[in-house]
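Per-chain residue numbering starts at 1, and chain names A, B, C and D are given in the order in which the chains are listed.
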Amino acid sequence: MMHKAKAAVLRNRGFTGAFILFAVLFITYQSMHPRGFSTAVLVQNSNEVVALAFVAIAQTIPVLMGGLDLSVGAVMTLTNTVASHVVTGTPLQMLLGALLTLATGTAFGAMNGVIIVYGRIQPIIATLATGAIAIGLALILRPSPGGDIDGDLNWAATNAVFDLAETYGFADDGNAAWIQPFVNIPVPLIILLVIVLGVWLPFKRTVTCRTIYAIGSAESAAHLSGLPIARAKIAAFTLSGFFASCGGLYLAVQTSSGNADITQAGTYTLNSIASVVLGGTSLMGGSGGPIGSMIGAFILRIISFFFRILSIDPLLQPLIEGVVLLVAVSLGALRTFRVKNKLELFR
Amino acid sequence: GPEIVEGPGVDPACFAPWSDETSFMQWEAREGPFRIAVVNGFVGNTWRIQMIKTAKAFAEDPSIADQISEFKVVSTGTDAPAQLGAIEDFINQGYDAIITIAVSPDGFDRVIRLADRNDVVLVPFDNVLDTDKVMQINEDQLAMGRMYSEFVLGELDANGVTGGKILEVRGLPGNSVDRDRSIGINEVIDAHDGDWEMVSVVGMWDDGSTQKVVADAIAVHGEFAAIVAQGGTNGMIQAIQDSGHPWVPVSGEAENGFRKALSEYSDDGLAGISIGQSPGLVAIAMKAAVSALEGNVMPQLISVPLPVATHDELEDGKNFWSDLPDNFFTVNEFPPCGVNISGPDIMAQDETDLN
Amino acid sequence: MNTSTEIVQLHGVSRFFGGVTALDKVDFSCRAGSIHGILGENGAGKSTLIKILSGVLEPSEGQIAFDGRAVSYRSTAEATEDGIVCIFQELSLVPDLSVAENIFINNPPRRFGMIDTRKQRQMAKDILARIKCEDVDPDATIRELSLSRRQMIEIAKALIKNPRVLILDEATSALTSNDVQTVYELMADLRAKGVACIFISHRMQEVDVLCDRLSVFRNGQHIKTFDKGALREAEIVQLMIGREIKAQFPPKRCKALGETTLSVSDLRWEDSLNGVDIEVRAGEIVGLGGLDGQGHKELLLGLFGAFRGVAGAATLKGHPFKPASPARSKQQGLALVPEDRKTEGLMLEMSIGDNLLLPNYAGVSTAGVIDSAKAGAAIKKAIALLQIKVGSADDPVETLSGGNQQKVVIAKWLMLNPDVILLNDPTRGIDVGTKQEIYLLMRDLVAAGKSVLFYSTDYAELIGCCDRVCVMYDGRIVSELEGDALTEEAIVAASLNIHKDAVA
Amino acid sequence: MKTLRFANPSDRPLLISLVTTLAILLVGTGYTLSTQGTAPLFTPSYLLQQLQIGSFLGICAAGMMMVVLLGHIDLSIPWTMTAAAMMATTVGGVWAIPAGLSVGLAVGLLNGFGVSVLRIPSMIFTLGVDSVLRGLMVAHTGGFAPQTEASPLMRFLAADTILGIPVAIFVWAFVSVVIATILARTGFGKSIYAVGVKEGAAYLSGIRTRRVIVGSFVASSLCAATAGILLAGYSAKAYQDMGTPYLLPAIAAVVLGGTHILGGRGRYLGTLIGATLIVFLNSVLSIMQMPESYRQIIYGVVIVTMLLAYGRNKQN
């Protein structure tokens, strides 16, 4: 049993490493924060990470397949602008609007998949191009930032469960006894976990998902094994679009608006790749998973949290941030020095 | 949160209300010294670096130093959640005032609500918010656009030019500052009775891009009667020079390089107006934050006078410096506000010398 | 003796790759309840035939019938539905997935529409027990397994599909003899159940032991099909290569040996090498024998500098030698023909010429710039030396057949004129004719004063080719056999370390 | 299908991108003819000017190609350009260009080290290096108030002309000849392809793969540094963030030129044409005063359409 557990940890050493790094950073930050471990700080932390976490998850699935999706940030931005137009009105209209937003991103992802599979274009390039298209569409939808998403929704979705109950007046405005164990949990965290686990865990147990891993690990073997390759590729990009649109939708709710910000889209795409790597997923594909990337996104965010509690020269902050990122991604590399068979370095 | 009160506000010479309709705000007075944070967005350009240096230097300035007990500056990049998160973090940490350059004119509802609940003074400046719920500080971008056009049209009138092409070099697409300046520019030109054809290119407020698009435009359109640029003006001058285009009336930002060129070539016929967004705005924002915390009545929207200089008003060592780099922004000080940290002081010296 | 129901039939099937005709109007059939061996040189079209049968490739022309009904498979999935299951020459396992996931890769047990991992693990355990691989953890990733274990998993993966036609394309080439035995039993079992097995192997003994019927292919054409025992081995070989083979192995020359070129003492690396002592002299072919996984590959790679932390002493041509990197070893006169030509030896999509020059650009450059005259001459020389069958040296090397690809790998090293040549199973998956050419070449090399260290899985080859054979067991050399002592029995005994154990 | 089958399949991308470039110029000319009745796009002065401006992108793309052929990517180009330009102008005088190039050399060595020795995916390592460089330049500007004026030699190389032809074009041509020679005619170049096809096999062939990788990254960074120095010369000064507009176009130029993004395949001529295509596309869109939104969409559509026309990955 011990032996098996050890083997399992070894097989997931990227994830384990990421988790430990995250825990160390997070606990250090919280203990240094004047209001560490309080609901307010947790709420703030989760708000900041949700959009990036969604985009990082969106990135993970194509990466597992051995491709990169350079359009995730752009799809997030596109759906953000869509949401800023349609998530308004009555609760029912808002719900429909949210679904429409998610459908837009999912459809865009599916289109990526179709272009990649039937056009036989490398994902990294295809999505570089479709990302530009997404940004163009976003700019048409929102030539300048704006939109008016319901303030209550914004407040309820970006706070703790208590505020959610209070805003919508259920569970005795958050004072009912049954809800007490949950009142301090940040809503954004719940949204993130429910969507990710709700979609990923079932998906993980399908042949399509297995095919995604298989393609990333050895595409020719997947082909010879008769796995549904085209379906899996399209599914991977479709899911990527879906998760990116979750990010866009949350961003819209969080900011009550839409913004076709090109640089922000680029930043999110690059940060999503960094999160995936920090989370222990191999860019070559085949191993890792979205949960790791979520943790990777947390790590990436926490690095900059420290600037708010430490006194560091503001003009040195970008340098420190860059160095820490470089060191963090290099940590995993220490393993390569222990590799005794140099040929293993090349796979 | 603040109360909406009747004017007039404190120290109107420094904190000038935007217009007659501007409302006034008042927070409950508290005891200093205060904890103040600046949450910047993007950091990789000279303007922002100069702004951050000004902020740090001003925090040490005797006129305000003893009212500030803790001062922190962070840059979040162009990432809305990160910027909102940083503001919220400082609210959680119990900071008294938070000064910010918003990455987007929208989307701050939540932190405004939080700031009000926690009695934190939130002061956006430069890129301000499309809201009247917070105290903000800016130069009037619309007026700036109008002045750009008025100046070049005035020059053209004086030279007896009644028609032709005018090149407009725009900034970052989707940005509200770009939008406002462009509206101002076009409004005035449309209203003029000359026969003008507008050609508009996107220079991203960046010297390189501007130089490229202006060179392109000159290559294709031949000659322009005037060039109205909002930024990247060093690049515009360079492109005019390299293409051999005659000097025509131009407008532009307040970079040192542009002013150097205006002064150098004004005898050859280069006429220009330089109006800049000043990195020194941050100092006024800090001052306004402290004033608000002290319980003074403050205008909701504070207008900082436009620092205008035309080619005939330039004076070396005063409003530009011929021996200093092109990129830094000449206008940094606002004497009516007691903000006297000049551009060369900020950029030419090491911080340690300054303090 | 058999039921003689023709389960698959091909009529006039051809397959073209661009200009290459891989299969030329082939008529072929195979019966249920039989084991059908397919023989042929490299590039004869065997793999192409079975790829067409199993839906990987579509025929350019011709018809296929299964159970008397015309079919045209567009994917392996469709073929699998009819019960045609293939174990390919290139492994179809996914390295990062677990053993259980690989075995049940596209038909996992499900519960509520989702994969039931617990049941999958249990079923994997069962099938692993059936193929006597109980030592394999169903949760281990394929990456963690040895090549022979992987081939067994591949067989397990085929078995759970309940094949009616089971195709093994050189699926036993890397198996240990124990596993080969298991596979024989499995196949006999399947035959009894009425399954048709199609078996491709270059190991004549295997084919001989196992098959009921044999078909010979040559140049994409079906030459002949006959029952086992109808023809003698020599006749079969003649059918395969289209000419008669006189002696299988070139004569060993009893020339006086030269100096010791490579000597190694107490070489250690990780768990795989536990103190190897070996000496190779100029003019000598030294064989490495033993069961799979006893450290041969590690010894060769370690000597060539591909490993870190190799301990022990070595001398090369009298000078102390520390394996540092392939580049250094190359400079010092070592060459290695690696195990897997496709992934370790060649750049498949690069041209034949570029592949030949790969280790040797310095030799054909002046002042860092390639001298095209020199380069062209070198390529021509290499092609001529090994009689590589090429259209143009600018064609990608992947267009060559396996044997010719292997020749390219060997040729690129010979161009450097190395003193010691390390060969890691160079004849695996190579046809008899080419094998013979390689044996001859090895002899020519040692005659020219080179040394060869030669690992092979084929005992006959070791006996026929080598002047001396060192048998490895558990990372050590346990026995050295020479002259008359060099017999199959002796190698087997040493491989199982019987002799040693008796002493200890 | 049949009609597009000329001599060598690897020539197809070249031909398509060449035709597309011409088509872009024709569309632009159609626009200028209809709006102002002139056709300046086919005048030598316009073409030379575009090539002059294009030389910065062209040089970046040449370097990027060296890395893409390995199957890697260099995301540190933006701030390598900026850092090289800023260090060059800070040092100034005759040492300006050597200073800028040393920045390139240092960055290339660092990138190469991270990718080949630490074996961190280039996508992430170069991204990290890019942000470190940005941090360094922010700190540099913040603490040292550097000079930003280009030296006379930098001005000459980027903005002057010889016999009416911009010097920058000669620089681009020089870089092109060097890179094309390396790739086609040297062992180092062939080794780049080999490592791009299969690093393990290259290593076992006795190629010093680490050196090859380091060498390619150095080449990429040196090209970026050269482009940065030229750009600073062209603008007469160095400024923060000057390299950012060059990253994605450089990747696009390489790919539109027919280089396979996963490495191992591609010809320099393609990259040259790819860079030219992007320069003219940018210029024509700017002339047509295309709003940013449509401009982005057109970029995307052009890339996808062209790659579809190339019909890559036809195997399987």
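Going forward, a residue touches a chain if its C-beta (ideal position, glycine included) is under 8 Å from a C-beta of that chain, and two chains touch if they have at least 3 such contacts.
Just so it is clear, the model here is predicted, and its values are computed rather than measured.
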Chain whose average C-alpha position is farthest from subunit C's own: B
Comparison of C-D and A-B (more C-beta pairs in contact): A-B
Distance between chain centroids, defined by C-alpha means - subunit A, subunit B (Å): 35
Euclidean distance of C-alpha centroids - subunit C vs subunit D, Å: 44
Centroid distance [mean C-alpha coordinates] between subunit C and subunit B, Å: 72
Subunit A-subunit D separation of Cα centroids, rounded to whole Å: 31
Overlap residues in subunit A, where contacts from two or more other chains coincide: 139, 143, 260, 262, 315, 317-318, 342-343
Residues of subunit D engaged with two or more neighbouring chains: 134, 138, 141-143, 198, 200, 203-204, 291-293
Junction residues of subunit B, two or more chains touched: 43-44, 49, 52-53, 173-174
Interchain contacts, given as pairs of chains that touch: A-B, A-C, A-D, B-D, C-D
Partner subunit C, residues of subunit D touching it in the complex: 181, 185-188, 190-191, 193-194, 197-198, 200-208, 264-265
Footprint of subunit A on subunit B - complex, ascending: 37-38, 40, 42-44, 49, 52-53, 56, 72-82, 84-86, 88-90, 92-94, 103-110, 113, 130, 173-176, 179
In the complex with subunit A, residue positions of subunit C that touch it: 55-56, 75-77, 80, 88, 90-97, 101, 105-106, 108, 114-115, 117, 137, 139-141, 157, 269-270, 301, 306-309, 325, 344
Residues of subunit A defined as touching subunit B within the complex: 33-35, 38, 40-41, 44-45, 47-52, 139, 142-147, 151, 154-155, 158, 251, 254-257, 259-264, 267-268, 301, 304-305, 307-309, 311, 314-315, 317-318
Subunit B-touching residues of subunit D, taken from the complex the two chains share: 32, 36, 38, 40-41, 45-46, 49-50, 53, 134, 137-138, 141-149, 159, 231, 234-237, 239-242, 245, 283, 286-287, 289, 291-293
